[in-house]
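Would you mind keeping the following structure in view while I ask a few things?
Chain nomenclature is as follows: A, B, C, D, E and F, assigned in order of appearance, with residue numbering initiated at 1 for each chain independently.
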Amino acid sequence: MKITVSRKAHFNAAHRLYRPDWSFEKNDSVFGKCNNANFHGHNYELVASVTGAVNPETGYVIDIKTLADLIYDEVEVSFDHKNLNLDVPEFAELIPTAEHIAYVIWRKLRKRLDPALDLEITLYETPRNFVTYRGE
Amino acid sequence: MKITVSRKAHFNAAHRLYRPDWSFEKNDSVFGKCNNANFHGHNYELVASVTGAVNPETGYVIDIKTLADLIYDEVEVSFDHKNLNLDVPEFAELIPTAEHIAYVIWRKLRKRLDPALDLEITLYETPRNFVTYRGE
Amino acid sequence: MKITVSRKAHFNAAHRLYRPDWSFEKNDSVFGKCNNANFHGHNYELVASVTGAVNPETGYVIDIKTLADLIYDEVEVSFDHKNLNLDVPEFAELIPTAEHIAYVIWRKLRKRLDPALDLEITLYETPRNFVTYRGE
Amino acid sequence: MKITVSRKAHFNAAHRLYRPDWSFEKNDSVFGKCNNANFHGHNYELVASVTGAVNPETGYVIDIKTLADLIYDEVEVSFDHKNLNLDVPEFAELIPTAEHIAYVIWRKLRKRLDPALDLEITLYETPRNFVTYRGE
Amino acid sequence: MKITVSRKAHFNAAHRLYRPDWSFEKNDSVFGKCNNANFHGHNYELVASVTGAVNPETGYVIDIKTLADLIYDEVEVSFDHKNLNLDVPEFAELIPTAEHIAYVIWRKLRKRLDPALDLEITLYETPRNFVTYRGE
Amino acid sequence: MKITVSRKAHFNAAHRLYRPDWSFEKNDSVFGKCNNANFHGHNYELVASVTGAVNPETGYVIDIKTLADLIYDEVEVSFDHKNLNLDVPEFAELIPTAEHIAYVIWRKLRKRLDPALDLEITLYETPRNFVTYRGE
């Protein structure tokens, strides 16, 4: 029996979308308000979904507390109440779009999970804007 | 790297479910309260999800503002504060069930999007009733 | 000990804001999109809040099932899946703005409740637009 | 045209996670706070999603009222305001983890649905912890 | 300048509504499904709202982390993953209706807060049923 | 007849809580993670509630579109996708705690509203932390 177990978490962070190798004007035309020079920020909501076989002895695919602790260690400690551009090494050279943040989170959690489990990340930048990455 | 980008939007509309080629009694037995002769209405919530490759230069699959503007032009302008049966040509001969509304929205957005992108529409008629159409 | 007990309910309805004694142009300038001639609609969310003394024997101010049944009888039966302008007598001569709908609901519930209890009605026309009436 | 129709429902229940064939200490180390001897409880939110062809005559995959009634008969009557361990026969020998509850609900609804329809169950134990079962 | 600061928290618990000095039949007629002999349960959502003057040096009425820690110590440690009737001394002789739970929480937090601050408790038993206690 | 009309809006912003006249250590002990030197951010949700008499001719206390436009002009244009500390003059010398942001918004809207109307501001910094200011 294969089941998906999902855990929702959140972190609050500042970010700015721009490329230092582009002019301010080009950044503005591509990234609009997200290029504000002094940053802006979001309450990011994160859903990590793990799919795998149910352990018949415990009735768990994964103890959701284990998943919650993993998200805490790998994501909340590094991202919460931080500036993604300046405080998080993964975004030193990677624009922190929602797409890229989901990809970075997926990579951080993937390497800590049993390879037999599938992983999908959904990241809400706002309640109306969100992205999903499945490792493809 | 393939990612899904989702944008949530909404519109408020009146509708009625019935077939003019059926008796009122038959319409009532099939459509129940949704057959009220003077219409009823909903706050529809719409999620348009676009899947494709991330542009390595911008970190975007699609600028979510482009997607939001597209939904505004194709869906909100035509459907918001309207009577779907009487004011929207697509429903002149198509019963405006949630299934059909999702299908019509999918077709309107599909023809405006890059063919390399996949599109999925989820439409909430109420917070407890919703449908999803993937173009299949 | 005085406590407020609140019950949330909902109904889906069509309506139109306009005055028959005004020209279409004047209606449009005052009511905008809400004056669409063929109606539009909403999923209304209603919160009825009743304040009073806790009965020491039961620990209840009012059995919330009693309150839910009262909302069903007085509001849902008359308003759900209806056209407020055409199907609900209270709005034959009263424009069904959110303000007036809250007022009508307050009056319908007020006369069915113990006079020792206070009543407040909050009505959400959309998740972002709502009104509150306290009988003042 | 293939569409997924989803209905959200809920039930409130008590449960406890433990194996009678394990010591209290082992149960505690595996199930933590969920092993509280006197039970604890949740407001479970359930989404049942049915996928199939749209009937061209009605514009429905399945009348959502039929789906809501089915959930009521098979799930709410048996689970709502109950103790899953003591009052629900399916959990006499099956630990009521979210995974197992989703599996039991899937089996109860599956046998009542047209075999041409696919079924997926998502069960929220809390707003932050949820599972999905697709019958695989 | 007087401001209200609110913190939302949650706990999951089992309970049963009944009076041991009443017959099962009388309990059933008053408490209905809430009288299930083996208990049922809820995800309770709690909002604690504290009103007072803003400290001009910090811009805080109360550090919301202090308020969150207080709720954790006084409410979550005692109530979360517990059976309110059997595990919580305050309900040994007090029926754990939402009204009474809000009252008990108010008393526990009140004695730990600066007397210059006002306190209001809102307790959601379900998303549709909730109560508010202001200490009156 | 007196009614409260509420409009919900939002803005995304970066901020930092600290006093330049305090040491970093003192700022850290008072403001904790909110003192991150490179800022962090939030999706702020704002509810502006206006109370007054219903105009018997229109059934409105205030046209909610007028209220929405006012919030846009006074709050969203200045705060959205901005750094509150660096980009918003009102916070040049005022720590942008939720309390102070609510106060600044109240003052900006208050001076644009009819003096006969009462105004209350609720500001959500996160879904679990929020403040309310009534002009007292």
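Note that in this section a contact is a pair of C-beta atoms (placed from the backbone, for glycine too) under 8 Å apart; a residue touches a chain by one contact, two chains touch by 3 or more.
Because the structure is a prediction, the values reported are computed rather than measured.
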Contacts common to chain E and chain F (chain labels)
C
Going by the touch criterion stated earlier, list every chain that contacts chain A and also contacts chain B.
D
Could you tell me the distance, in whole angstrom, between the mean C-alpha positions of chain B and chain C?
28
Hey, how far is the Cα centre of chain A from the one of chain C, in Å?
41
Of all residues in chain B, which are in touch with two or more distinct other chains?
127
Using the touch rule from the top of the page, what pairs of chains touch, sorted by label?
A-B, A-D, A-F, B-C, B-D, C-E, C-F, D-E, E-F
Over in the complex, which chain E residues touch chain F? Could you list them?
1-9, 49, 54, 57-61, 63-65
Which residues of chain D touch chain A in their complex?
17, 19, 30-32, 94-100, 102-103, 127-134, 136
Flag every residue of chain B that touches chain C in the complex, lowest number first.
10, 12-15, 33-34, 36, 38-43, 80-83, 86-87, 126-127
